[in-house]
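In the two complexes that follow, chain A is the common piece, with chain B as its partner first and chain C second.
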Partner chain A sequence: MSAVRKGPSLSLKAREAITGWLFVSPILTGFLIFFVGPLIAVFYYSTTEWNLLSQQSRFVGMANYVDALTRNETFWDVLVNSLVFAAGLVPLNMAMALGLALALSKSRPGAVFFRTVFFAPVITSAVAWAIIWTFLLQHESGAVNQGLSIFGIDGPNWLHEPDWAMVSVIFTRVLKTVGLNMILYIAALQSIPRDYDEAARIEGASNWEIFRRITWPLLAPTTLVIMVITVVGSLKVFDHIYLMTGGGPQNGTMVLAFYIYEQGFKFFNTGYAAALAVVLFALILLLTIVQMLLKAARK
Partner chain B sequence: MAKLELKDVKKSYGPVEVIKGIDLTIEDGEFCVFVGPSGCGKSTLLRMIAGLEDITDGTFAIDGERMNDIAPAKRGIAMVFQSYALYPHLTVRENIAFGLKVRKTPKAEIDSLVNEAVTMLQLDKLTERFPRELSGGQRQRVAIGRAIVGQPETFLFDEPLSNLDAELRVHMRTQISDLHSRLKRTMIYVTHDQVEAMTLADKIVLLRGGKIEQIGSPRDLYERPQNLFAAQFIGTPKMNIFELNGDFSSLRDHLNLPADAHYCGIRPDSFEIVNDGDGILSATVRLVEYLGNACLVHAEIKGHDTIIIEQPVGTQVRAADRISLTTSPNAVHAFAKDGNRID
Partner chain C sequence: MSDLMIKRLIYSAAITSSLGFGANTVSAEELRFTVWTGSEAHLKMLGEIADSFTATHPDVTVRFDTIPFGDYVQKITLQMAGGNAPDLGWLLENSAPAFVDAGALADVSGTLKSADGYDYADFSQPAMGLWETSDATYGIPFSTSPFLVYYNKSLYDAAGLETPDQRIKDGSWTWEQLKSDAKALRDASSGVWGFETFDGQGYGSRVWHTLIPIIRAYGGSAWEGDSCKLDSPLSVQAVQLFHDMVYADGSTVPPGEQGDFFSGKAALTVTQISRVSKLADATFDWGIAPLPSGPAGDAATVGQAAVVAFAQGKHKELAAEFLAHMTNKENVAKMAAFFPPARKSVLNGDGFLTSNTAVAPEKMAFVAEGIESGSVLPSHQRFPQIEAEARPNFDALWSKNADVAATMKKLCSGISPLL
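Our next item is the complex of A and B:
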């Protein structure tokens, strides 16, 4: 009788688990240090009155939250600005992305060129993009107003009138980011089998009915993903505001992320800024959960 | 009523011509099968009839009316796709009702037509399920239901059974045949499976390289193939072909073949193994395949391709045996040098 040789001391499952953990350990380490760590720290700082310059810290409990939510009127204006920015940007971005994707998803002459044109701003430096648009939107000498003047339109002072400033930052931000959503929609459209469209055409459906009854429902999972990332992105917007309007005029474009930056790094109210960051985190979390619940309800 | 006529129909993609002039008439109520090897243009031709591909040249008419520029929905056709093309977000009932809904059919009529279709196809208990919850055969029936509910004059089937397992394929084949008997509508069916073609068709259109090689009944194609391609495409295993010049020249006299015959074809089941010296061909057995109802004997004639002989299961031949073969002159097909049949 031949003896059975002794195998490895660890089971196959245990060895595979160790290998798996080794593979994910670099990203896991980075995630813990640079994401989870600061997140916990922010929760802690939000309960302190901490001046970054003097390095003096004092536990104040929920005082920062109470201050933001009940005493500070600017906070509510800023929150409304953030919601207005998101409410303007998200539908415009998604509608434009879908329209572009529908126009450019099929292989037709020029499709690749225009996909590149609309995607290029996504990989362009945000600073360069904002500076260029700041020039283009100047009141007297900006190319936009000069173009409008050809048609006899006297364009507004885009970045220095409160209402137009918000419109301007939304529109230029949409142009900067729409390419990514367009690519996501194109990928989704191209994954819909051509047979569905052909079967529907044979059955007498018009292009609009094919879109409404087949394409749009089949895009729903992609639409949800795009909505979540666009909403989150719009609430986190900072660089664009910082570079184009600095939150002005008259706080007209002061959004939450920029306000947090000002409180933390301009006025050094670090504890208060941390509390505002937690509020922003909670807001984004809440909206994401609502969107996920909507998706689950649809199923 | 739906009599389909194609006159010199062509299809090109840029400089590449894929359909090279098709002349074909499909009578009202006929079951016509397009068969041929991959890339022969059978699906393209079907899609041109459906209106999903433009016709580059020629005329396609239904009941005498030119259809070249008529939208698919206005041709009175329904199509069953190879993939079934069931809308994944709609239930069975919604899938079947889709066409009626977009055509603004009154709701009561939709309900009645859908109920009739689901009953006919035994889908009654599945109407609220989604396609992902159905088996392949059930999906196929839903696809057929979606086609019949619009009461089209012509049904188009694009390899509808190719995604099913062998047993289900046989079952669905009989269901499609029953459907044709019941509805008595014109049906065009694309397949690369010659068994489907032979069992379903009133008329087979055999295609190769965008051209028709032969049109005829299944019996015509099997018993009187018009050229070497048809002879070898229809029939399993395929017909054995012998070139009559050179080593097989003696067959010309043995089988009373015409003087202009350049090739002769003998089907595997037309050979008989006889005693040594009584045959017209000698070969060495390389392999014997047992099929249950018959045996396939692969035999080599020195210096030539292997031939296949179908024998009863009780055959005593073994690999490496020398065998002598004969056949009846009536079972032999003669072909000219250009490959066309000689009668």
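Our next item is the complex of A and C:
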């Protein structure tokens, strides 16, 4: 019988801590290597003039930022496009999501079917979604314009006219993403105790008053979450633009994420692209903080 | 056997195998070769060339890696930046100056010039222009492919029109004639367009392919030295002709529409000989003609692609050897069925005219003539930037009321600083 070996004794707390760290270490390692590392690297790269093709790199300090913010006119156009996209998408998406949630949160015939219908695009491949819509939005042979022609309306060339391209990408993006927000709102609506609704009705409140005084305030935390994720998602949009318009026509749908891609991977100005990515990060951070502060101020 | 003994055996087996003792010591090497074709016929032919290399290099395999055309340059650049550069690949003419300038391509002149029976001087000098300097060679063009007009003969016959072939004989095959034919052959009721642009992408990534052949036939050009010529009266006249085809005549597939020539939905298109493989199952009669002439005469335009070895590839010497093998006389003749060669001996030999069984020898003669007389599409060290700067202005052309002259002037003022 072998003797039991005794190693250096560790306290229970220390052993638990080690076990805990060991359990989280696989995901933590991945998080550090694939998320935190690149995040720090982007800040460093943004201070360099790094050509991806030649692999030549030199430190240029803040020159990339100065160029983007003071000399590059396209950058400001692109920034405005990103804000227009967000300003169009976020209210439309949230209003539709809330409307659908109010209509479909209660158990009524067909509710589950329509929830599925509106959620299906969320789990549909973004590529398939965009490609199908480019066909539907064709000028003469597209289903949308053929449908409009039944009512005597001569539809525009949706994706190839500067005035309509942004509208088209916003609308098709809303249809793609509204289902997720709808589900979040439905979950929030179903968590509101029915007693409030019943008490208000006994007091003679109308449907609108119940919504405005009870439902909407109680949805506020969910609304904030939805607003933050929708704003962030709209500023990061890339795949949809890449597949449907390629930033055109006339740069009319060239948003910041797509412009970063072009600078980095088409022109090989990787340092410059990193600086633009930091600007996008700062913009998203700023908008998120503003939303948080507005929420806090209302309390 | 004790636990300790078993553990020692496992450790020593692991160590010896990691050091290569007792394990399979054959050092097989794989060359990775990037291409943008997914065509079964093309890949089969490339595979046969790789097999013949493996016959003399038994330890070497060649893997052809297909990357979609639209993402090709970005993807190989990312692979290079990520330390996973391909050993060899195809590269288009408009990427050549930037890649050469960045030192991304390996100089293969030593290997090529010392390869047995290679005959480096056999390559046409104009075709080599983009790929060599006085003392270095960065690639060998495997495809110097003139643009051709493909036409749907069944539609021409049904309409009772003279075909481009017939018009070539009497010298009336002009861009004006093509415009007129396209208008006559447009049949909106059956969804047939008169003319489809290059691969249906003629307003986006291939807008240069659409406009440059017409501009040259009218005596214009993209740029000369650092001077933009796209706003010259001749260039504007050419662009106006195409604009009229799209908007005044309504004969050409406009932006945002589909009209595939190869499925019979367009009567005419401009493309290259490699696309003939898409007509294998065509349900209509078709023909091939050279590009029409313009007021400045014939202006054959050539798209070019080369085989290059990447400077960061892991097997540079072996890659250069495979490049030499792939572009030797025998293999260039083999590839000539799809990719018109820059080797004079192959181009001028009888074999070239009969290399593609789907194309009659007299049609292949158009290809040979196009290579002899054609000029390559415009390229520049800063082509991606020029393309991006030009894009919004090209986009501005595609509306019914566009002012072509003013738009081309604006386009030139945008790209001039980049030239």
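Keep in mind that, in the parts below, the second predicted complex is superposed on the first by the 284 of 299 C-alpha atoms of A that agree within 3 Å, B and C clash if a C-alpha of one lies under 4 Å from a C-alpha of the other, contacts with A are read in each partner's own complex, and residues count from 1 in each chain.
One rule holds in what follows: a residue touches a chain if its C-beta (ideal position, glycine included) is under 8 Å from a C-beta of that chain, and two chains touch if they have at least 3 such contacts.
Note that the structure is predicted; figures quoted are calculated from it, not measured.
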Looking at the overlay, what does A:198 touch: chain B (first), chain C (second), both, or neither?
first
Applying the document's definition of touch, where does A:209 land relative to chain B and chain C: first, second, both, or neither?
first
Of the two partner chains, chain B (first) and chain C (second), which one does A:98 touch, if any: first, second, both, or neither?
neither
Dominant toucher of chain A (residue count), chain B or chain C
C
Just checking: does A:217 make contact with chain B only, chain C only, both, or neither of them? Give me first, second, both or neither.
first
With both complexes superposed on chain A, which partner does A:55 reach: first (chain B), second (chain C), both or neither?
second
Where does A:159 make contact in the superposed view: on chain B (first), on chain C (second), on both, or on neither?
second
Classify the contacts of A:251 with the two partner chains as first (chain B alone), second (chain C alone), both, or neither.
second
Chain C touches which residues of chain A in the complex?
51-56, 135, 137-142, 157-162, 246-251, 262, 265-268, 270
Interface with chain A, chain B side, in the complex: residues 50-52, 71-73, 77-79, 81, 83, 85, 87-89, 98-99, 102-103, 146, 150
Complex interface listing, chain A residues touching chain B:
193, 195-196, 198-206, 209, 213-214, 217-218, 220
Looking at the complex, which residues from chain C come into contact with chain A?
73-74, 77-78, 80-81, 98-99, 101-104, 191, 203-204, 254-258, 384-385, 388, 391-393, 395-396, 398-399
